[in-house]
Every structure is written in C-alpha cells, then in structure tokens.
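Presented sequentially are two complexes of chain A, the first with chain B as partner and the second with chain C.
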Partner chain A sequence: MGSTTGRKFSDIQSDVYDVVIVGGGVSGLTLAAALKASPYTSALKVALIEGMSLAPATKWDPSPDQLSNRVSSITPASQAFLQKIGVWDYVYPERVRQYDDMRVWDGVSGARIQFDSFQLDAAGAPMAYMTENLNLQQALLESLAEAPGDNQVKIFDSTKVEQITNSTDQLDDVDLSSWPAVKLSNGSTLRARLLIGADGVNSPVRSYAGIESRGWDYGQHGLVATLTMEWDDRQDIAWQRFLPTGPIALLPMPGGKASLVWSTTPKLAAHLKSLDPKAFCTLVNAAFRLELADLNYLYTRSDPEEIEAEFEWRDGMLPMEDEGAKFPVRVVEVQENTRASFPLRMRHCDSYVAPRVALVGDAAHTTHPLAGQGLNLGQGDVASLMSVIERAVVRGADIGDEVVLQEYWAERYPANHVMLGVVDKLQKLYCTDSKPVVALRSAGLEVVASMDWIKKLIMKQATGI
Partner chain B sequence: MRPLLNNTRAIRHIRSYTYKTEPSKYPGHVPTNCLQKLFLAAGSGIYSFFNPRRGDLIATLGEATALPPLMYRLRDVMLSDPTGRRILRERPRITSKTLDIAALRKYPANTVGKVYSEWLDLEGVSPDTRAPVRYIDDAECAYVMQRYRECHDFYHAITGLPIIIEGEIALKMFEFANTLIPMTGIGAVLAPLRLKPKQRERLRTIYFPWAIKNGATAKPLINVYWEEVLDRDVQELRDELGIEKPPDLRQLRKLKISHL
Partner chain C sequence: MLGTIKHSSSRLCQTTLRLTSRSHSTASSSAFSPDELAHFNALASSWWDANGPSRLLHKMNPLRTSFIFDTIDAYALPSKTRLSGLKMLDVGCGGGILTEALARNPRVESVTGLDMSEQVLEIAKKHKRQDPKLVMEQKLDYKLCSLFDLPVPEAAAEGKDEQRYDVVTMFEVLEHVPDPSALLETATKLVRPGGWIFASTVNRTAAAYLTTIFVGEDLLRMVPKGTHSWSKYINEKELREWFIEHKTSVPGTGEHWDVVTSKGCIYIPFVGWEFCGPRDLGNYFLAARRLS
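Up next, the complex of A and B:
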C-alpha cells in the first residue's frame, strides 16, 4: 500500500514527502483536505507551502458588516465535492447566499435571457452558492486541523518556494534522483514523490516542469468591490450586463450586500477605483440601468454632485415596471478598501502533468470571470486528481508516475478546454458594439431565451451537475 | 411537424413591432405601427415631391422615415455632450414667444442673433412655421426631431445658405452628413431631380462636396444651445464648430449670369 511507503519515508527523513502542494489558495487547500479525508490517502505524508500568511484565514472572525471583496460563486458540483470531503460543514452558513435566478442582458441591444430554476423545473435548486474565498479557506484549514496529530498536513505558510530542482539524493534503496527538491525560503528543502502546483497563474511548479502555458490577456481588468444594496432583495438573483468594455456582474451576498465584478478597460478600472465612493455607487447603478451613451458620458465626469444629478435625471425616465425585474436594487454604499482590480487573462497549459508533477486550478488554466467558473474548474481538477491518486494507491502504483498522472490530464483537459473556449468566445462576442454582430448575437440570444431545453442544457454545464 | 421557430419570442416580437400600435407617449403623439408608417411615408413622399413647398407633408415624411436606430443615434450624440444633455433635460422650444425677434434685430452686426433675425426677415419666415412632431414613437426622440426642426433656421443663418431651392438642398445634404436624419438625405437626393441641369451641376460640383465635408467634420449642430449663443460672433462660432462658409450661391449665380 502507498501509505506504508509514506510512513517509511517519514520515519527516515523528515523532509521527504509523498505529496508536496505548492499554493495555499482554494485549490491547494482543497486537495490537501481531500487527501486527508479519503481512507486511501489519509496516511500519505503531505506538506503544503504558501507564500503568504494563512493567519487571516485561520483567525477569520467574520463580522456581519464587513465582507471580503474576494468572493466566488460555488457551483452545486463543487459544493457537493466539498460536502463529500467533509469541508462544507465548516463553512459559516450565514456567510453563504444561494441564488436560483440569473438575469443576463446585452448592454447594446437590451436582448435578455433569464435562467430561473423554478421555470426550468428544478424548483428551489440553487444555481450557485456565493461566499467569500476566506470562508472556504478557513473551512478547509479547520477541517485540516481535525486530522489526527501524527497525520496532519504539514503547513508552511509565509514561506516561499525559492527554487525547484531535481534531487540527487539516494535514500536507502530508493533512488530519489527523479524527485523534485523544493527549496523553501526558510532554508529547508522538501523532496516530493508527487509535487502539486496549486500555485496560481504564475506557477513556479509549472516553470520547473517546463510545461508551456498558452493564451492571451483580455486587456481588461476585473474590478471587485463589496456593496450594500438599498434593501435586501428577497429574490435571490445574479445580474450580469454585457457592456462593450466588458461584463458587469452583481452577485447577491448575505445581509443585503452584494459582490461586484466589473470587467472593464484598465483605464476605466483605475478611474472607478479612485472615484468618490458615492459617485462610484452611482456609476455602478448607471452601468446596470442607463443607456450606454449615458454611461459613457458619466465615465468622463468626476464631480460627485454632477454625476448624481445626471444619474437621477436619466434614472427617473425609466419605466416603473422595470424595477426589480430588469435591474437590481440600487447600490447605496461601497465598503471601504474593497475596491481592487485584477488583470484578466486566458491561459491553458499544454499538459497538466509531468513526471512527479501535477498542476491544478489557476496554475493549469485561468479564465475570464464572466461565467464564475475559475475556482470551480480548480475544484473539478482536485476531484479528478483525487480519484486518480486513490486508484493508484489501491493498486500500489507510484503516485508520482507520469503514466498514472496522465489519466488525470486526459480527464480534465477536454472539459476545461471546452469551458475556457466557450467563455473566451462569449467574451469576444460581447466586447464589441459592431452593429451586425450585435444584431446577430441578440437574435441568437432571443431564440435561446425562448427555448427552455437549450437553457436547461446551459444550466447543466454551468452548475456542473 | 411544427416549424421550429413558430413559437419563439423573437418572431412574436417582430410581429408586435409590425402590427401593434403603442399607447400615446407625449402630447400630440399619434401612435402608428410599421405598416401605417410605410403608408404615411409613401403618401407624403409622393405628394411632397410634386409640392415641395408643403412643409407639413415634408415634416410627415421626415417623421415616418425616421428609423428608430438613427433617431436614437442622434439622441446619443446629444447624451454624449454636456450641452446636448442640458438641451435634452431642459427641452427648450424655439418659437416667437421664447425668442424675442424684435430684440435680436437690435443686436450688433455679425452676431448670431442679428444674422438669424436678418435671415428670418429676408426669407419672410418665422420660428412658428415649424410643425409639431406627431409620428415619432419615443418621447425623447420626438423632442430631438422637434429640436432639429426648430433649429433648422439657425443652420441657414450659420451656413449662409439661402432658402431658395438649391440652398435648401445643399443644407439638407449638410444636415444629413451632420445628423443622419434620413429625411434630410432623401431630400438632398430626390429634390435635385426637379432642378435644371445647370443647377444640378452646381450642386454636384460645388455644394455637395462642401456639404458632405463640412457636415461630417463639423461638431454636431444638434448640440448647439442656440438660445445661449445669440450674442456670439457668427464667424467665431463657425470656427468653433468647424464650418467653412460655403461659396455664396446668389453671388455665384449673378456671376454666372454676368459671364454669359
């Protein structure tokens, strides 16, 4: 059994591990938790290295009026997996908000589509669970802490991976020469039977393995912020409007709050971040409610009072019956220090595996946030890699063997490739206001919007169930 | 088997757009559907072609052919400019009540107000000769059309084109290049059919090139708050808007006649 081999190493040399995970983001922590939750792999000796401090997650004390700006939508498939590995029970339920209705529209033509689980005969089934990444991280760390003392994942946080080389050591009868040696900023070097790159988009593990990552930058930034709504809309709706500069999405959070992801040009993102908070809220409202011409005009203004007055004038002309059906409730406040922006890109690795190396999550692929899939694809990777490792352990195979790992790549690559491709095409289709393109995409959307079976198909893909 | 698209909202949407008439959206609004607009356009078009002085028919033709996307485009031009927005917000009207023509006559020479009043006197027209908009279905677009119509005399004043048929046609082309209102283009293309070959030649070689170039490169005239620039120097405003004064049509005609 693989576990025996693991124990043997731990007896002999303290810095030799079965699995070394680089990256304490959601993907890395989930893999660690899954390894510890499975009866087949729980005895493996596992280390996790994270460059930043994990204290904010372990010591997280959620206060009701403060919400982190890093929020993700968790699909039912990801939620089911977290449930299965016993992590979901540690998630603060009061910090999770489900939604079962999604309204998406074209900012140029106004063409709309609605996904509503009631309409699609899945009454009450959530489409996604919104929660702070911190909530997941603290739940993952909590569940890791529950493992029996001698069997815990060794966590090195505030510790950077400085270099990865091929080990030259010989340990008893085992030849370690093919094993990655991970040199840490604390001076120690870990040797890994299997090295996991869960180290994000600039993955050092990927560079070590010489895996090529292809893709392009979208030339957009994703601006995130935590917002307070005028009142808590009891309808649980996720809103997204495609503007030619990029989509803007408003996702419901507990307690009448919402999470904003506004993809836009880097220049506008910088402007929006520096804008007076009140004026920023007004622009968010304008981005959902007003005509593009109004919005483009408001981008050029910076006097809060003028922005307010211009908005009120145009907003007052909207038909009453559209309230609550076509646009979200108004935003009234942005939580201090929550406006941040990230460059958006698409990346996909040629391979996720190399001898003794596997990549998961953003290290393997990065996508535009318009479909809220990034983190969920990483969860899918972890679930797949876990079953491959479990099978190898049961067979008594070497979990670092590339042939074993190939199975993981073969299963995940096509699925991720399709999702990345669809998101990429959507991004390109909607980031234009060229008349013929707008006409075609709007006609297409109206057809899709009127055919429930297509909508069900799309929902199935997006929720992963 | 049922046709696949029979039931789609898209088709229903097109149907309702074609046949359904909306309720009235503003005072004086006569809601019409697509088919009715087609008849209006055909009727007023044919009639006004033979009676080009029938301003009311030309107005009807203008409204019936004002395709919503083009009207929204023009409205967006206004929404993109601080002054344009102020005009849309305040919706000023130009009538003999809102404009004191007698006072304008006393303005210094070469001011916008003076030139405009001279223009009105010379051609014997008044701001009140403009018909109210009735057939445009969006209240704001209806105002945009109204505004364009009421400002038309200012366009004459600032370009210096005369109200005689050739000046009118040249101005129409200028307006088309500047506003994209379909009617102005229709007028500029169809009206010359009634002219003598020599007049047509002049339009083609001198006035249309001027109109297209200036109309397209000048700032949108719809964004000029004429009521606020009455005391400005005409040439200064012309420069600011990027309009070159066209060759004087009447002088050119006299010149040609004396050459013969």
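Up next, the complex of A and C:
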C-alpha cells in the first residue's frame, strides 16, 4: 500500500454523506423529502445546503391579506407526487387556489381558445393549483422535521458553497478520490456519494461536473406582482393574452387576489415597475382589455391621471357581455413591494448527470413562464430521479454510479426537451405582429379550439396526468 | 438457426468426454487459457469506465441482480432456501461489477469474488476502496485463484455449521473457459442444499454470431474485439441437459439439481438489457438449484 498517512475513514466519517443536495429551493427540498419518505432510501444519510436562511420558510406566519410574489402553478402530476411523499398535507390549504378553466387569446387577431375541465369531460378536475413557493417550502421543511431524530436530513442554511472539488483525503483504508467534496462557508467539507445540483440556473454543481448548458435569452423580462381584484371571481379562470412584446397572464389566488406574470421588453418592464401603483393597475387592465394600438399609446404616458382618463374612455366602449367571459375582473390594487422582474431565458443542459452528480430543476433547464411549467419540470425530475435511486438501492448499485444516473437522464431529457421546445416555439410564434404569421397562427388556434380531442391531448400534456 | 443447433455437437458433452481422460491437476492449470487472460488483462484499466469498453457489462448488471433475487424469491422453498444472510461466490468476478452490487445488497452476508487475472483483480480491489460502505462492512472479499483451487467448504454435520455457499454466480464465464463442464462440476460441489447456481452465456447460433461478434465487436465496436469466440458459446439446451445428465439423482448422494428457469435476453439500444426473445437464440441466463 505504500506509505500510510495514519488517517482513517472513521476520522472523517461524520462529514461523509450518501446524498448532498445543493439548493434549498422547491426542487432540492422535494428531493430531500422524497428520500426520507421512501422506505428504500429513508436510511440514506442526506445533507442539504442553502446559501440563504430558511428561517422565513420555517417560521412563516403569513397574514391572510398579504401574498408573496413568488408563486407557482402546480400541475396535478406534481401535486400527486407531493401527496405521495406526504408533503401536501403540510401545505396551508387556504393559501392554495385551483383553477379549472383557462382562457388564452391572441392580442393581435383576437383569436381565442378556452380550456375548461367541465367542457372537456373532466368536471371538477383542477388544471393546476396556484400557491406561493413559500407555502411549498414551509410544507417541505415541516415534513423533513417530522423524520425520526437520528435519521433527519442535515440542513446547512445561510451557508455558501465555497468550492467543489474531488476529495483529496489521504486515507489508509478508503479512497474517496472519485467523490465530490463540497467546501462550505462554515469551514466544513462534505463528501458526497451523490451530489445533487438543485442550485438554479447558474449551478455551481453543474460547473464542477463540466456539463454544458445551451440556450438563448428571450430579450424579455418577466414582471411579477400580487394584485387585488375588484371582486373575487369564483369562476377560477387563468387568463393569458399574447401580446407581441410577450404574454401577460393573470392567475387566480385565494381571497380575490391574483398573481401577474407579464413578459415584456426590459424597457417596458422597468417602466411598469416604476409607475405609480394605481397607473400600473390601469395598465394591467388595459393590457387584457384594450386594442394593441390603444395599449401602445398608454405605454408612452406616465401621468397617472392621464393614463386613468385615457383608459376609462376606451374601456367604456367595450361590450358589457364580454365582462368576465373575455376579460378578467378588473385589477384595483397592487400589493406593495411585490413588483419584481427577472430576465427570461431558455436553457437546457446536454446531460443531467456525471459520475456522482445529478442536476434537477433549473440547474438542468430553464423555460419561459408562459406555460407555467418551470416548477413542474423540476418536480418531474425529482420523481424520476427518486425512482432511479430507489431501484439502485434495491439492486445494490452505487447510487452515484454514472450508469445508474444515466437512466434518470434518459427518462427526463426527452420529456423536458419536448416541453421546452413547445414553449419556445409558442413564444416565438406569438412574439410577432407580422400579418401572414398572425393569420396562420389564428387560423391554427381556431382549428384547435374547435376540436375537443386536441384540447384534451394538450391538457393531458400540460397537467402531466 | 435450428439447423445450427442440430449439427453442431454439444460443446459441454465434448469437454465432458475430455474431462474423463484428464487428471484434475491439468484441468486446474487450464481453467483459463493464456490468450483469454491476456485479453482481460488489457481491459483491466478501463473496467469501471462507465462509457468504456465494459459499458455493456455495466448495463447488464441490473438484469443480473434482479434475475438472482427475483428467482430466489419466486422459487424459494422456505424450509430449504435462505432468503437473506446469503453467502455468495462470484466466479470470474472481473473488476467486480456484479460482486460489488451483491455485497451492497442487505440480503447478502458475504461475497467472495474469484478471478484468474491479477491485473483485473487489482482493479476490483482498488475500486472496492472507493466505497467506504464496502470497506467498513467487510462483506466483500476477492481471491486470485481458479475455482478448481478453491477449497471445498465443509458441509453441515454434527456440531458443524454449513460452510458451503447459498449462491454461486458464473455470469459471462462459461464461454471464456476451455473446460466449462469441469468448471460446472466443481461449482456444484460448493453449493449447499437449497442453494443456487446462476449462470449466463451465449447460444452458439448464427444469430448470436451476428449480434455479439459481427455487430457488437466488428461493426459497432461496443464490445472489445476478441472478447468472444463463437466456438466457445454454449447452447441453452446443452447447459440444461448438462444439469439433467450430470446432476439429476447422482447415485449414492441423494443429490438432485433442478434447472428452475432460464431466460433469453437482448441488448436494446437506448433501453438496455431486457429479458426478451427465445432462450435458445442469443444471450441467456439460467438458474439451477441443488436439492437433496
């Protein structure tokens, strides 16, 4: 064996884990909770590292009339998975709003499509559940805290990953040179049989693994905000209008609130963020209700009273019968400090796995929010990776073995690729006002809208069930 | 294809005939031929490269372990067969792809891996050190020797515990040895009553030549050239009949071997190895159980 160092595995054993998850967002926490919920994997030693404090989630004490602006649409497939791993029971139900009707239209031509669970023979089946990411995070953390004491996930929050290298431990009995060693800002170094990158679009784990991420920026920003509606529309409808600058979506939230996702040019996003709150609400209403020419004119105004007056004059001409059928209820208020924007992009990694490394969620792929799939693709990754890990444990395989992990990649890459591709093409198709393109896409939409079987097929894809 | 099976004489029978005129020591020294040894020595360093020449073996591993444990679960006779605390012997363990998986299985108490190539076994030992669980649990042991040189463990007797193995595995081994019959014969002695032999090899058919040698080695080069030699393949029927002829009611011992199941398997690109197709066409797995 050559020279000995006198150091043994037992000296570092306390810092050696079966699974080290980098990232305490929804994907990372879901994987941790799933590992602890499965009888095959609950004995694995798991650590989770998060750079921010998780206290806002663990100590979350939300007030009923305040909603966080970080909101996700959870498909029935994702909800079923969270139910299966025992997390959904910890979600505050009064802060979840389902919708079972979706109305989407072309801002240029006015061509419309409606997806309605009732019309599509799935009465009562929700299309998605809207809730704050914090609600999910607190539920996930709560379920993790329920695991038996000696078997809990070790959570390092407010802890940064300083460096990831291959382990350089010189031990007499064990060779960890193929194991990732994660150096933390608290001074300790965790060695991982399997390192999970749930660390977002600029994933340090992905850089360590040398995995390429490809894609493009949409040149749009997603502006989010929490809005209060004029009254609580009990129809539970999600609204989306495709404007040439990007789609604007309004998703119902509990208590007569709604969540806005307005994809638009960075310049307009900055303008909308800085606008007087009342005028901002007026522009949101205008973006759903007015003709494009009128909307474009309003964008150029910044005096709140002028915007208000110009909008009311034009809005008054809309037919009464379209209220609540073609347009959402009016927005009356934007919750303070909830307007925020972020750049929109498409990214997809060549691979999700490397020896002893797997990427999930945004670390592996990022998509445009127009289909509300971002969080759900991550949940799909976790569900797939979990079943691969379970199978590996049953067969006695090393869960960090690349051959094992490749099964996860082989299952998820094609599914994600299709979803990212469809979303990307929709985005491109609708971000133009070129006449022939508008004519074609409107004719296409009307054909789809008239055929329930195609709509059912689309719904099936979008809900994951 | 059927014609091929018919007019090619049984390889196991031939070798059995040879075996009778041969002293045991010669069999021992030739358990593995020098050129086979050289071939596997050359592969040693890349054995654990998941994208290297041994990729197909790595991909086959899940099928092997599920075949072993599913067969034990499905056909176990509770009074005779142990379901856990299993003592296993992996013959021709190579770099330890299967051996490690067996050792990590909580149902397994101990595994011994045997191989004749020193270089390959060094790789196996080195790789074992990469998993602290394997090192700490001390369930896995490698031996550089031929099956013929392994001392036969003691049978259970008055005041003595059963030392023989619950399971002897011989995956992708029989087609690489000059005298498969002698190897099988020896293996059967090491198994305790109620225990198992799991083996896999390839049928000596035109289809197997086409897939394993022409496509696998020559055309797509998924498998290193020279890994297989067609004339050493063993038909499923031959292996099955070997157990019937040699091991059904061995006079005076009350010993009885039962070929419990055999399954054909193929490698499907982008999917992996699956049990699929007839057992007498290409690759196949076979399970035999010792009863008394």
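As a working rule, the second predicted complex is superposed on the first by the 448 of 465 C-alpha atoms of A that agree within 3 Å, B and C clash if a C-alpha of one lies under 4 Å from a C-alpha of the other, contacts with A are read in each partner's own complex, and residues count from 1 in each chain.
Just so we're on the same page, a contact is a pair of C-beta atoms (placed from the backbone, for glycine too) under 8 Å apart; a residue touches a chain by one contact, two chains touch by 3 or more.
This one's a predicted model, so the numbers in the text were calculated from it and none came from an experiment.
Considered on the superposed chain A, chain B and chain C are sterically compatible, since they fit side by side. Once the two complexes are laid over each other on the shared chain, residue contacts for A:417 go to neither chain B nor chain C. In the superposition on chain A, A:460 makes contact with neither chain B nor chain C. By the touch criterion defined above, A:313 reaches chain B but does not reach chain C. By the touch criterion defined above, A:294 reaches chain B but does not reach chain C. Greater residue coverage of chain A by touch, when chain B is weighed against chain C, goes to C.
Contact with chain C, but none with chain B, is seen for A:401 once the two complexes are overlaid on the shared chain.
Using the contact criterion defined above for the overlaid structures, shared-chain residue A:178 touches chain C, although it does not reach chain B. Look at A:428: by the touch rule set out above, it reaches neither chain B nor chain C. The three-chain arrangement built by superposing both structures on chain A places chain B and chain C 130° apart around the Cα centre of chain A, to the nearest 10. In the composite built from the two structures, the nearest CA pair linking chain B and chain C is 38 Å apart. Only residues 9, 13, 16, 173-179, 193, 355, 391, 395-398, 401-403, 406-407, 410 of chain A touch chain C when the two sit together in their complex. Residues of chain B touching chain A in their complex: 5, 7-10, 13, 75-76, 79-81, 85, 89, 140. Residues 291-294, 296-297, 310, 313, 317, 443, 446-447, 449-451 of chain A are the ones that touch chain B when the two sit in their complex.
Residue ranges on chain C touching chain A, taken from their complex, read 50-51, 55, 58-59, 61-62, 65-66, 100-105, 108, 126, 129-132, 135-136, 270, 272.
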